[in-house]
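In what follows, chain A forms one complex with chain B and a second complex with chain C.
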Partner chain A sequence: MGLFNRQVKKKPENGQSSLEGNGHPANGDAQTQPPLPDDNGAELFDVKTAPTLSERLGDAARTRSPHAIKALMPWLDKARSSPEGRAEFIDKTKEVAWVQADNTVRAISAGMGIADTRAFFRGDPPIEKPNPRYKVHVNAFFAHLRPKYYEKASTKFSHTFALGYLSLYMFMLETITGVILMVFYTPSDRRAYEDIIKIMSEIPYGQLMRDLHRVGAELMVLIVVLHMTRVFLTGSFKPPARGFTWLTGVVLLILTFALSFSGYLLPWDQLAYWAVTIGTSMAKSVPPKEIVGYFSNLIMRGGDTINQNGLLRFYLMHVFALPAITLVLISVHYYRVARTHGISLPAADEEDPDPAVRKAAKERIDYLPELFTRELLWAAITTFLVVVYSAFVFHAPLQEHSNPLHTPLHTTAPWYFLWIQGLLKDAFVLPAIRALDQLLIAIANMFGANLGEGATIIVPFYDSPAWMGVIIPTMIIPALFLGVPYINEWWEKFWGSKPSRQLLKNRKGTVVVAILSTVFMLVIWYQGTPFFGVTAPPAIEIGQAFLPEEGVLPPVPLVPDDWGPLRRLGYANLPDGEYDLADYATPKATYTEFERILAGIQQEIIKRGQEWERGDKVRGLPNPSGTLKIEQWQPNGLKRIDLVITWDKGIVTPTDTGQYVRTVFLHQDARY
Partner chain B sequence: MSVQFKILMGILVTAATVVVMLLYGINEDNRMNQYQKNFAGRSIQVGAEYYETYCMTCHGERGEGIAGKGPPLNRTDLLDLKGTPYLKAIGWGGTTADFLHNTIAAGRPQFSKFYEDESYQAHMPTWSEDFGGPLRPDQVVSLTNFILNWAPGEYEPVVAPVTPTPGPTATPIPPEEILKAIPFPMPPSDQTLASGKDVYTKYCQACHGENRDGKGPGAAGMAKPPRDFVDCAGMATLGFVTHHDAVANGIPANGMPAWGKKLSNEEIWQVIMYEREPCKLFTPQ
Partner chain C sequence: MGEAKATAPNVGSAKAAPAKPAPAAKPAVSHGEAKGVGPTAAELAAIQAPMTRREFLNYAFLGSLGIFLVTLGGAFFVFALPRFGEGEFGGMFTLGAADAIIPPAADAPRANTSARAWIANTDKGVLALYNVCVHLGCLYAWMDVTDRFECPCHGSQYQKDGTYITGPAPRSLDRFAIRFTDANGTVLAETDAHGDPLPIPSPDAILVVDTGKIIQGASHG
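The block that comes next holds the complex of A and B.
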C-alpha cells in the first residue's frame, strides 16, 4: 500500500491515545493529546533561574509553535539522546504530518479524509464507515442542497435530457455574465446605448460577455420550455407528490419569460425599444380598459410610452426583483426534486411487470462522485459550446439608438412572444364574427331592417385586442397550473383508469393534446412573424427585402442578424453609378455578386408586376420598374444608396405618386 | 462512464474553453478598434439621415451652404482638424467637434462676426432638447460626426454670398394641367382646410405668420416681406397657377424656399387652399 492508502491506526503512546486519525469530523477534529511539553520540561525549568537565549527559544517553541510541532516536542529530546529515539522521532513526524494533512483535507472536503478523497476521484467505493461521502451533505452548504443519491433509471440521459440541470446552469451563466455587464451599464435613456457601445468597443471581453448573456438568455427560454414539455410527456407532473413541483415550475417558466423580456429593453436601441413597446402594448387592453388597462400600462412603462421611467423599471425588475424571486422558486423547485420525491423514473421501467426490472430501476446512484462529476462535465461541455458559439458564430445585435418617433417596418415582439402577436392579428375569430355579422344583417334585411353597407350588429361588442392579447394568453396560465396536474388526476378518476405515465400505451389523450397544442402554438407563432398578414405596400416590401430598416430581427432565436444583401456586400464592393434594373432582367453566369443582387431586385420587381396582372391588387404593382443609384456622398467613405421603384401612377389609388425611394447611407467602417 | 473519464474529459473541455478564450483575447485589441470605427461609421450614417431631415434646407444638400439661409459646413478652414483657422479667428479654445456640437445643440443667438458681410434671414435655432429644440442628445452627436466626416472637404465651399442660380427647370407645365392636379373637389371642405392648416403651421407659419398676415418672426429683416394672405387686394392678383408655382418651386430672389420636394402634391394644394381661405379666392383664374 502506498502513502495515500495509509490508514491511521490507533497507537497508544505513553499511555495516551495520542493520534486519532479516524475521528468523526462532524464532532470536531479529534484532539491529539501528546505528552504535554510542560510535564517533560518541568524539572529543567526548576533548575535554571535565568534562561539562556536558546532556552528562551526552546520555551517559545514549546508554548507558541503550532499544534503539530508541539505534538512532536517530547520526541525531540529522545531523538537527541539515542539512535532508537531518532527512528522513533522520524516515525512520529510522519504520523503527525499525516494526521495534519488528513485533517486539512477533511476540513476542505467537508468530511472525507485523504484516502477517501482519493477513492472518490478514482471511482472506488468509500473506505471508512459510515460512508464519509454522506458527511459532505451534512457539513458542506452547497452539497447540503444536493440529494445524496438518485434512483438509477431516473438519471438516464434519454429520460431527462438534463434539461432541468441545464436551466439552472443557464441561470448561473446569466447571473455571472449579467453582474459583469452591470458594472459597465447605466439605466438611463441618455447613457444606456452609449454604455452598450462602450462594452462592445472599449471593454476587453465585453462583447463576449454580452454575447454569452444573450445566447444564455435565448437558450434559457428554450431549455425551460423543452423541460416543461419533457415533464409533460413523461407524465412526471402527476400528483400527489409532484403536483406542487409542477406548479412552481409553471411560475418559473413565467419568470423566465419575464427575465428575458425585461432584459430585452436594456440596450435601448431601436430593436429593444420597439420589441418591448409591442410586448407591453397588450397591457393597455386589459379589461376594463379605462381603469385596469390604463393603469397597468402606466405602471409597466412608467408613462404613456416607454421612456426613462420605463427603462429604470425594467432594469430594476431585470437585475433585482425577478432574479430574487426566481432564486427562491428555483430553491423550492429543486428542493422538492432533490429531497422530497426525486426525479421520476421512466414510466416503462416503473410500471414494468417484471419486479427485477423495477428493482434495478430503483438502484441507488450516489450523488458523490457519480452524479457530481457528471454535472461538472455537463457544465464544462455547455460552457465550451456556448463560448465557441458566442465567440465565433452569434453576436448580440445592436442597432441604431431608439427613436420613439419612428416605428421600424415589420418590427416584432421577441420570438417567444410572437405567438401573442400572432393572436393579436386575429386570423380566426374576427373573420368568423364578421361573417356572422353579415349573415345577421342579411337576415335583418329580409325582415325589412334596411341595413346598408358598413352596418354592424355584433362586431362592436367583440374587443379583439382584449381577447387575443390578454384574456386568451392569460387563460393558458391556469390551464397549465391546474389543468395539467389536477384535471388530469380528476379525469383519470372519472374514467376509473389506472394512473399510468406510459405515454403511447396508456395516455393516448395526452398525445393528442400535445400534438394539437404544439401545432396550434406553431401556427399562431407563424402568424406573429412579418410573413403573415403583411400590410405594407409592395414597393416598400421590396425596399425592406434588400435594404431593411434597422429595428428588425429574424423571428427565430440565435440566428445572426440580417441586414439585407446590399449592406452585407459592403461599402467596398458597391460601385458608384446609376443602374437601370431592367438591364439585369435575365441573370447571366458572368455576373459579379453585385450584379446578381441587382438581378435579384429586378426579379422581385418583375414578380410584383406579374402579380398585378394576375389581379392581386395588394401585393402587385402596375408596370413597375426600378433604378439603383449609388453615389459617393462624402469623400471620407460615405455612400448613399437610393433604390427608386416607379410604377404607373394614379392607378393603385387616385393620389398614388407611382414612386417609392428607399435611401440608405453606408459608411466604409460600418460592419454588418 | 467512469469517474476518472468524466474528470479527464471535464478538464480537457475546460482547458479547451480557456484556449478559446485566450485565442479570442489575442484579437481583442484589434476587434475593439474595429468596433470603435464601426460605431463611428454607423453614427455618421445616422447623422446623414438626420441632416437630410433637419439641416439640408438651409445648409445645402452636401453642406455647400445656401446663400442667405445657411453658411457652408464642408469648409476646409472649419474642418481642417489640424489648423482650424476659422476657430482661431473667432477665438474658440475647444475642439472642432465641441464647437460643432455646441452650435447644433444650443444654436446661435446672434450672427457670427465672421459672416457679418453676409445677411442671413434667420438665426441658427437650438436643436438639442436640452435647450428646447427637437433633437435628442444622441442625434446631435450623430450630426456632429456626420459633419466632421466632411474634413478635408471635396466640394467647393461657398463662402461669399452669391445669387443662387435657378436650377434647370423642367418644361413648364401648362396652367390647365396644374389646375387638373388639384386632388380634391372645389371649393375645399373644412377637412381639407384643417389639413392645410397643419402643413401651414409646420412649414409656413415661421415667416408668413400665425394670422397669415406675413408678419411671422422669420420675416424680420427680409428685403421683401413675405406674402400677406389677409390682404385681399394683393391676393386678388395671385392666381392659382402663380400661387402653386411659388409654393412648389419657391421664389429664390425673395428668399421663399421651394417645397415641391418636401411636400406631396396633396399637401401643397391643401396649404394653398388654407392660404386663400381668408379672402375666399377659390375660383381658379
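The block that comes next holds the complex of A and C.
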C-alpha cells in the first residue's frame, strides 16, 4: 500500500526563533531545548553578511527543489570531482528516476508499478506480492464496482451470452446518444417534429445519432428479455439469495418497456401520437375506471387528449425520471450479482458427480486483466455492429406530423407491445362469453323468458379493455415476481424434490411452462399485427397495400418500416401519366418494375371481383376497376399519385358511392 | 432465505480467501431452521422488553415522516392534474341552423372537428356522437362502402346511431347531450337522460352540443 503509507515528517519541535520575541512565553519546554548536535559554536565567529543573489538562488534550489532532485544533491559534489563519482551519480540518477516513474505509474494505474503494468498488458502473471491488481480494485472507483475474480465456469460465453453486460451497454449507449439528441430537441408540439426533421437532415451525424438511439432502444428491449429468458432457463433465480435479484430484474424489465414507450411520443408524428393514445387509453380502463382510470389517464396525458402537456410529461419521464430510477435499480441489481451471490455456475458443472469437474468449475479467473479485456472486446464489437447497422441498414421511421383529427389505418403498437394489442383484440374471451350468453338466452327462452335478438345477460358485465389491457398484463407481473423464484422454492419444498437447476433433469415442468408460454405469447403477438382482426373495406385495403397512408411498422424488431411498392420505387422511377389498370391484366415478361406494380394492383382488383361473385360481400367488390394517375404537382419535385378504384355503386350498401381515391404526395427528397 | 449462508465466491479478499475457515461457531445467526431452536435468551429478552420512551418517540417520528411523504405524494398528484381553461373542449358548442348542419336522414353522418362529434341523423332523430372509439381512444370514421363506423386500430364497428356491431369495444359509442334553440336562445328540445335521438323541431332551429355532458353508450346493447 505504498500510495497510502507515506509518512508525514513532523516539524522539529523548537520551531522558529522568532517566536521568542513576541512576548509570549508560550511553552516553557522551548527554553530548555538542548543545542543541536552539530552546533559547535563556529557561527559565533562567522560574520553575517547579506547573501548574494547566487547564494540565495542556490539555497532556494536546495530547499525548494522537487523531492527527486533533492535526493540527488549529495552526489552532485562527487560527480564534479571524480569519474567514479560521475558513474555513481548516473547510477543514483537512474535509481531516483525509476522510483519517480514507478510512483507515477502506480498513481495512474491505481496500484500497479511499471513492471506490473507491463505484465498486465503482456498477459503475464503479476510480479509483486500481494497481487497489485487487487489493489486496483480497492483504490479505483470503477474497478471497485467489479469483483476481483470470477469462478471460471460462470464466465463461459455459452452460459450467459454476456446478456446482462450488453443490457448495461445498451443503457449507456441510450444515455449518450440521448443526451446528444436532447441538444437539438425541444419538447413542444409546435417544434418537436421540425426538430426531428432538422436532426435528420441538417445536423452532422444527427441522423446517425437518432438511428443509433432507436436501434439501441430496440436492442435493449430484446436483450433484456433474452437475459431474463436465459436466467429462467439456467435456473439462475434459485437460492441462495437470488430471488430478490430476479425481482429487481423484473422491475428493470418493466422500466425498459417504460423507457422505450415514453420515448415513442417524442418525434410527434402520427405513429407516435396514435400509438401513445392507445397506450394511455389502456390506463383509462384501470378499475375502478371512474377514479383510478380517469385520473391516471389525465395525469399521463395532461389533458383529455395528448397535447403540449402530454408531450412535456412524456419527455420529462423519458429523459429524467425513468433513467434515474433505472440507474438506481441497475445499481441494486448489479450489487447483488457482484457482491451477494455472484453469477451462477452452469448447472451441469455445479451438479457434476465428479468432484474434479466441480473443482475446475470453481477455479478463479481474475477480472483484471482477462475479463476486463474480454468486456472491452465485446463493447467494441457491439459498437461496430450497431453503428454499421444504423448507418447502412436501419433508419428510424418518421411519419407525417401528428394529426389529432385523423387516426391512420392499421395503427399498431411497437413490436414489443404487440402482445398487449393482440390481447386487446380479445379473440378468445369475448367470443366465449358471447357464446355462453347465447346459450343462457336459449335456456331462458326454453323456460319462457322470451328474450329476443340483441338481448344480453352476462356480456354487459365484461369490460374487455380493463381485462385485456390492464388486469391480465398486470397479473403477469406478480406471476413473474413471485411465481418464478418464490413459488419455485415453495414447490420444491412441497414435493420434496431434489433442487436441481438442470433443465432436462429435474425441471421438466419448467420446460413445459416455458414452451406453453412462448406459444401463447407468439399467438397473441400475431393477433396484435394488422393481419388479424382489423379489416377495412376492400377498396381501402387495396390502397393500403400499394400506397399506405403511413409507413407500416413491421411486427419484428430492427426491420425498417415499409412504405409500399410505389413509394419504394422512388420519385425518379414514377413516370407521369394516367394508367388504366385493365391494360395490365395479363403480366408480360417485358414489363418494367413500374408496370409490374400496376399488374400487381390489377391482380388484386380482379381477385376482389371474383370474391364478390363467389358471394363474399365483405371482402369482394362488384365489377371493380382501377386507374393510377401520376401528375407533376409542383414543377420542382412534388408528384401527386392517385389510385382510383371504382365499382358498381349503390349495390354494397344504399349510400355506397362506388369510388375510392387514395391520394399521396411524394417529394423528390423524401426518404421513403 | 439463507442469505446468511450464501456463499459469495467473488467477494473474499485476496489474502484471506484461500484458507478461509467456515464460520462454524455461530449457530445462533441462522434462522433456527437448522437446529430447530427459537431465539436465544438474549434475543428473547430484547424482543419482549417494554417500549421505552425513546423507542416510542422514534416510531412516532418515523410515522410522522411517513405521513408527510404521503401528503407530499398527494400534493404532487394535485399539482400534476391538468387545468382546463374556458372555451376549451368540455364546454358548449353552437354549431348552427339544423338544415345547414344536419345531414338528411338517408345520408352519411358529418364530422364536426371543433366539437369532436359526428352529427348523425337517424330515423328517430339527431345524435352527436363523441368521435373517440370507446375501446382505446382511436378516432373511428364513417365508411360509405359498408355503411357503418369503423375503427382503424382494433376493428370495432358501430351502426349509424352508434350501436355496437362487433369488435373488442365494451359498449356502444358515447354521445353528447344536445339541444335545439331558436334564434333567441330559447330551448326547443333537449336530450333526455338516456341520450336518445332528438327529432328536429324545425329546420331553422339551432343545434347546440354540450361537450361537457357525455352520455355513455349501452354495454353491448
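Heads up, the rule we're going with is that the second predicted complex is superposed on the first by the 612 of 672 C-alpha atoms of A that agree within 3 Å, B and C clash if a C-alpha of one lies under 4 Å from a C-alpha of the other, contacts with A are read in each partner's own complex, and residues count from 1 in each chain.
Keep this in mind: a residue touches a chain if its C-beta (ideal position, glycine included) is under 8 Å from a C-beta of that chain, and two chains touch if they have at least 3 such contacts.
Keep in mind it's a predicted model, so treat the numbers as computed, not measured.
**Student:** After the overlay on chain A, what do you see for chain B versus chain C, clash or fit?
**Tutor:** clash
**Student:** Using the touch definition from the top, say if A:654 reaches chain B (first), chain C (second), both or neither.
**Tutor:** Touch partners of A:654: chain B and chain C.
**Student:** Applying the document's definition of touch, where does A:278 land relative to chain B and chain C: first, second, both, or neither?
**Tutor:** After superposition on chain A, A:278 lies in contact with chain C alone.
**Student:** Once the two complexes are aligned on chain A, which partner has more residues of chain A within touching range, chain B or chain C?
**Tutor:** C
**Student:** For A:192, is the partner it touches chain B (first), chain C (second), both, or none of the two (neither)?
**Tutor:** neither
**Student:** Would you check which partner chain A:200 touches, where first means chain B only, second means chain C only, and both and neither mean what they say?
**Tutor:** Once the two structures are laid over each other on A, A:200 reaches chain B alone.
**Student:** Thinking of the overlay built on chain A, is A:370 touched by chain B (first), by chain C (second), by both, or by neither?
**Tutor:** In the superposed model, A:370 contacts chain B only, not chain C.
**Student:** Counting only touches as set out at the top, which of chain B and chain C does A:127 meet: first, second, both, neither?
**Tutor:** It touches nothing on chain B or chain C.
**Student:** Can you tell which stretch of chain C bumps into chain B once we superpose, 38-46, 92-100 or 182-190?
**Tutor:** Stretch flagged for C-alpha clashes with chain B: 92-100.
**Student:** Which chain A residues are contacted by chain C in one complex and by chain B in the other?
**Tutor:** On chain A, the residues that contact chain B in one structure and chain C in the other are 654-655, 657.
**Student:** Touching residues of chain B toward chain A in the complex: what are they?
**Tutor:** The contact residues of chain B facing chain A are 1-4, 6-7, 9-11, 13-14, 16-17, 20-21, 24-25, 28-29, 31-32, 34-42, 44-46, 48-49, 52, 62, 136-139, 142, 146, 149-154, 183, 264-266.
**Student:** In their shared complex, at which residues does chain A touch chain B?
**Tutor:** Interface residues on the chain A side: 120-123, 190, 193-194, 197, 200-205, 207-208, 369-370, 373-374, 376-377, 380-381, 383-384, 387-388, 391, 400-401, 633-638, 640, 654-655, 657, 663-671.
**Student:** Spell out the part of chain A that touches chain C in their complex, as residue ranges.
**Tutor:** 130-131, 134, 147-151, 239-241, 243-244, 274, 277-278, 280-282, 284, 295, 298-299, 301-305, 309, 313, 338-342, 362, 405-411, 421, 424-426, 430, 454, 456, 459-466, 468-469, 533-540, 652-657, 660
**Student:** Which of the residues in chain C come into contact with chain A in the complex?
**Tutor:** That would be residues 1-3, 5-11, 13-15, 77, 80-82, 84, 89-90, 106-108, 113, 135-141, 143-147, 150-155, 168-170, 218-221 of chain C.
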